[in-house]
Amino acid sequence: MSLLKVTNLTKSFGGVSAIRDLSFSIEAGTIHSIIGPNGAGKTTLFNLITGVYTPSSGAVRFNDREIGGVEPHKLAELGMNRTFQNLQIFHNMSAVENVMVGAHLHLQKGLLQSLLRLPSLARSERQTRDHCWELMDFVGLAQYRHAEANAMSYGALKRLEIARALAAKPKLLLLDEPAAGLNDTETREVDEVIKRIAAQGITVVLVEHDMKMVMGISDHILVLDYGAKLAEGTPAEIRSNPDVIAAYLGTVG
Amino acid sequence: MIESMIQYMLAGLTSGAIYALVGLGFSIIYNASHVINFAQGEFIVIGGISTVALLAAGVPLPLAIVLATLVTMLVGLALAKFAIQPARDADVVALIIITIGASIFLRGVVQLVFGKDIHSLPAFSGETPLNLMGATLMPQSLWVMGVSSALIVVIAWFFNATLAGKAMLATAYNALAARLMGVNTKWVLLSSFALSALLGAVGGIVVTPITFVSYESGIMLGLKGFSAAVLGGLGNGIGAVAGGLILGIVEALSAGYLSSAYKDAIAFIIILVVLVLRPNGLFGKKGIDRV
Amino acid sequence: MNAILQRHRGLIILAALIALLPLALRNDYHYDVAINAGLNAIVVVGLNLLIGYAGQISLGHAAFFGLGAYASAILTSTYGWPVLGAMAMGTVIVGILAYVIARPILRLKGHYLAMATLGIGVIISIVLNTEAQVTGGPDGMSAAPFTILGYTFASEQSWYWLVGGSLLLAVWLASNLIDSPIGRALRALHGAEVGARVVGIDTTSYKVLIFVVSAMFASFAGSLFAHHTPTVTPSILGFTKSVEFVVMAVFGGMASTMGSVLGAVIMTLLPNALAAFEDFEPIILGGIMMGTMIFMPKGLVPTIAKKLRRKEAP
């Protein structure tokens, strides 16, 4: 059984199809990449899978359950989490609090115990903070343990979103251009982080432009063009696919 | 039976015409700047009350009307220039507070200058009621409906047929693109306030002989106009006019047939029902969060 | 111990100020102003949870304050309920009402939410004004004296301590809530709503929750007010009063509980301080509203705190 199965998915905005009749599936425990030229519909596809947009037609099944149109917070409960290309950071909070929001699903959140700050809640809060600090260390943000989110660089915020998503303990993690805007050293660091995440048994799907990174870490690649599937397969298969070379790799050079 | 029905409809159309003007004012400013101008009701008061004062000072009525309208437009320009423009990048809550602050400020000024008395104007063409299928109609109501319709037609022409109007519409649609195309968006903001002030002032002047005017009569009128604009879908001019007329008629009918004590509540009940069923108003478009 | 001191620094300072303030209060009028400032502060601390932390506007909160006041007045004087029972009942009724209202309207955003809350406030105010058999109409009605276990709070001094204690309780509860998973969820949905939803926060439910909590804060303060004031009249729950509460929250500082208290105190003192210039009061109030938003949109306390931090770390 596939962890995620997309069947005949279509999304149109005012008559223009951003995703057209797309089918593919993703097996558990692997790293998948979705690539394609700008405007190919990669972010739209992410928004459809994670419930931010509702599909116009077609089906998305996660863990053998239909999830098209299910609200994002319910999907998070089911074990799906993501990061954003254009960042959705809580700039009004500290870095570690951003990560703690990610742990929200697993915390005690009774109104009365929160108002009175009962000892059990205070204890759970301390444990959560420690755990979230560890997650920040894990993604390479150790020096930001006491930082405010609005004082961090773009590259650091990209990793903060990864830590936040991990705090929710997802089965499936979708990363929207995790290396965009990063320098070479940072890109290699993120590359390492993704491998370590996958090693923990979390299935990773990423949208990425950095071909070196994609070819290096992916088990499976899906190529989109104008919202439809152009090709899919292992990195080696994609590298030698003539359609892909013509439509995409060729133009990048 | 039919007579009373017509009577209520006429009353509803008269107040609906004013709500439509105020609602249209809200929409014009909203389009130009995404600001909800809670001081819109104050434009009505300033228009009406300065005409009263000018008339009392011996200025003939037509000249008094023109001067009072100009005064109100100057107030609108000052508001845009000194309160809205400096806070262009503020968030929605901040802008709401600024314009509510402006309305309290202007109300204070009116109270200081004209006192707390209720003022009136003589009806423009006498007080002899007309008979319309058994219902009576004050000639001033005709003035209200006629002047409002004329203004609405002129505004529609302005936005659809003149370059200035099109520039304002372009700004509403996409401010950045409009700026790149050479539209002066600062000018658009100022003109939208001047235009809304003009609508408010003229509405206030024609309705004063019927409803009278005092320093605080702008509060309810402003809120009703806002309801009209929201009812029609914020930023939709035709929607605001339709919203104003619907509001006026439903209000008059329910005051007549249900309870006059709850007349003022009707507008807000309608607006709540509409917002719950159609969160973007009757004629508004659905928004989408981009990430 | 140190951690507790650190955690509740604001609360301790506030307690000290409340304890010391009577040294400066010379007559019953001074006490009366202080009591009203405290009651307003309780409302604003609650309202700030909604506006400052969760980023949702309410232009109708005076209605919840007023409903609390009328619930206490009606239950104690018409039906002879004990004051605490009436207060609890009022708070629960307002909580339920707020929940019923909030569920549909908190899906709205920005101006539409402002309009909806404003409408609710105006409707409640008109109902209380009109149903004169129950509420006394425009003339209003009185609540029974505030008596607990045989002790009646009659003097202004006793009321001062009652309200001061209640304010400390309100601040403590609000600070705890802010620093809990619920508080983080509220700040998160304010900061980036889509981000919050995707990591698992049911943002609508949290908006509803905080709307209800803040309405209950207002109702509680309204109940106290009803027993302190000679007559409860509809003027306490109109649109103008709702705006005043919002101004207090915003002026003192959004997302700052101490800012809320300071904002409430200053805006309560202002009309009294300006009594000599009564005619200028609305002009000054309106001017403050515009000036605050233009020149320090984050409000008094956060703006000053930022200036101080900048001086410390050059």
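By letter and in written order, the chains are A, B and C; residue numbering begins at 1 in each of them.
The rule is simple: a contact is a pair of C-beta atoms (placed from the backbone, for glycine too) under 8 Å apart; a residue touches a chain by one contact, two chains touch by 3 or more.
Just so we're on the same page, UniProt names per chain: A = ABC transporter ATP-binding protein; B, C = Branched-chain amino acid ABC transporter permease.
Note that this is a predicted model, so its numbers are computed, not measured.
Q: What is the graph distance from subunit B to subunit C, where chains are linked when they touch?
A: Minimum step count, subunit B to subunit C: 1.
Q: On a CA-centroid basis, which chain has its centre farthest from subunit A's?
A: B
Q: Average the C-alpha coordinates of each chain, average all protein C-alpha coordinates together, and give the chain whose average is closest to the overall one.
A: Measuring from the global C-alpha mean, the nearest chain centre belongs to C.
Q: If you average the CA atoms of subunit B and of subunit C, how many Å lie between those two points?
A: 32
Q: Starting from the mean Cα coordinates of subunit A and subunit C, work out the distance between those two points in Å.
A: Spacing between the chain centres: roughly 41 Å.
Q: Round to the nearest whole Å and give the separation of the Cα centres of subunit A and subunit B.
A: Spacing between the chain centres: roughly 48 Å.
Q: Return the residues of subunit A touching two or more other chains; collapse runs of consecutive numbers into ranges.
A: Within subunit A, the residues that touch at least two other chains are 52, 84, 88.
Q: Taking each residue of subunit C in turn, which ones touch at least two of the other chains?
A: Those would be 194.
Q: Which subunit B residues touch at least two other chains?
A: Residues 289, 291.
Q: Any idea which subunit B residues touch subunit C in the complex?
A: Going through subunit B, the ones touching subunit C are 30, 36, 83, 86-87, 90-98, 100-109, 111-112, 219, 223, 226-227, 230, 234, 261-262, 264-265, 268-269, 271-272, 275-276, 279-280, 287, 289, 291.
Q: Report the residues of subunit C in contact with subunit A in the complex, numbered from low to high.
A: That would be residues 173, 176-177, 179-185, 187-188, 190-192, 194-203, 209, 213, 255 of subunit C.
Q: Of all residues in subunit C, which touch subunit B in the complex?
A: 51, 55, 57, 59, 104-105, 107-112, 114-116, 118-120, 122-123, 126-127, 130, 193-194, 239-240, 243, 246-247, 250, 254, 279-290, 292-294, 297
Q: Which residues of subunit A touch subunit C in the complex?
A: Checking each residue of subunit A against subunit C gives 50-52, 71-73, 75-77, 81-82, 84, 88-93, 97-98, 100-102, 104-105, 107-109, 111, 114-117, 121, 125, 161, 164-165, 167-168.
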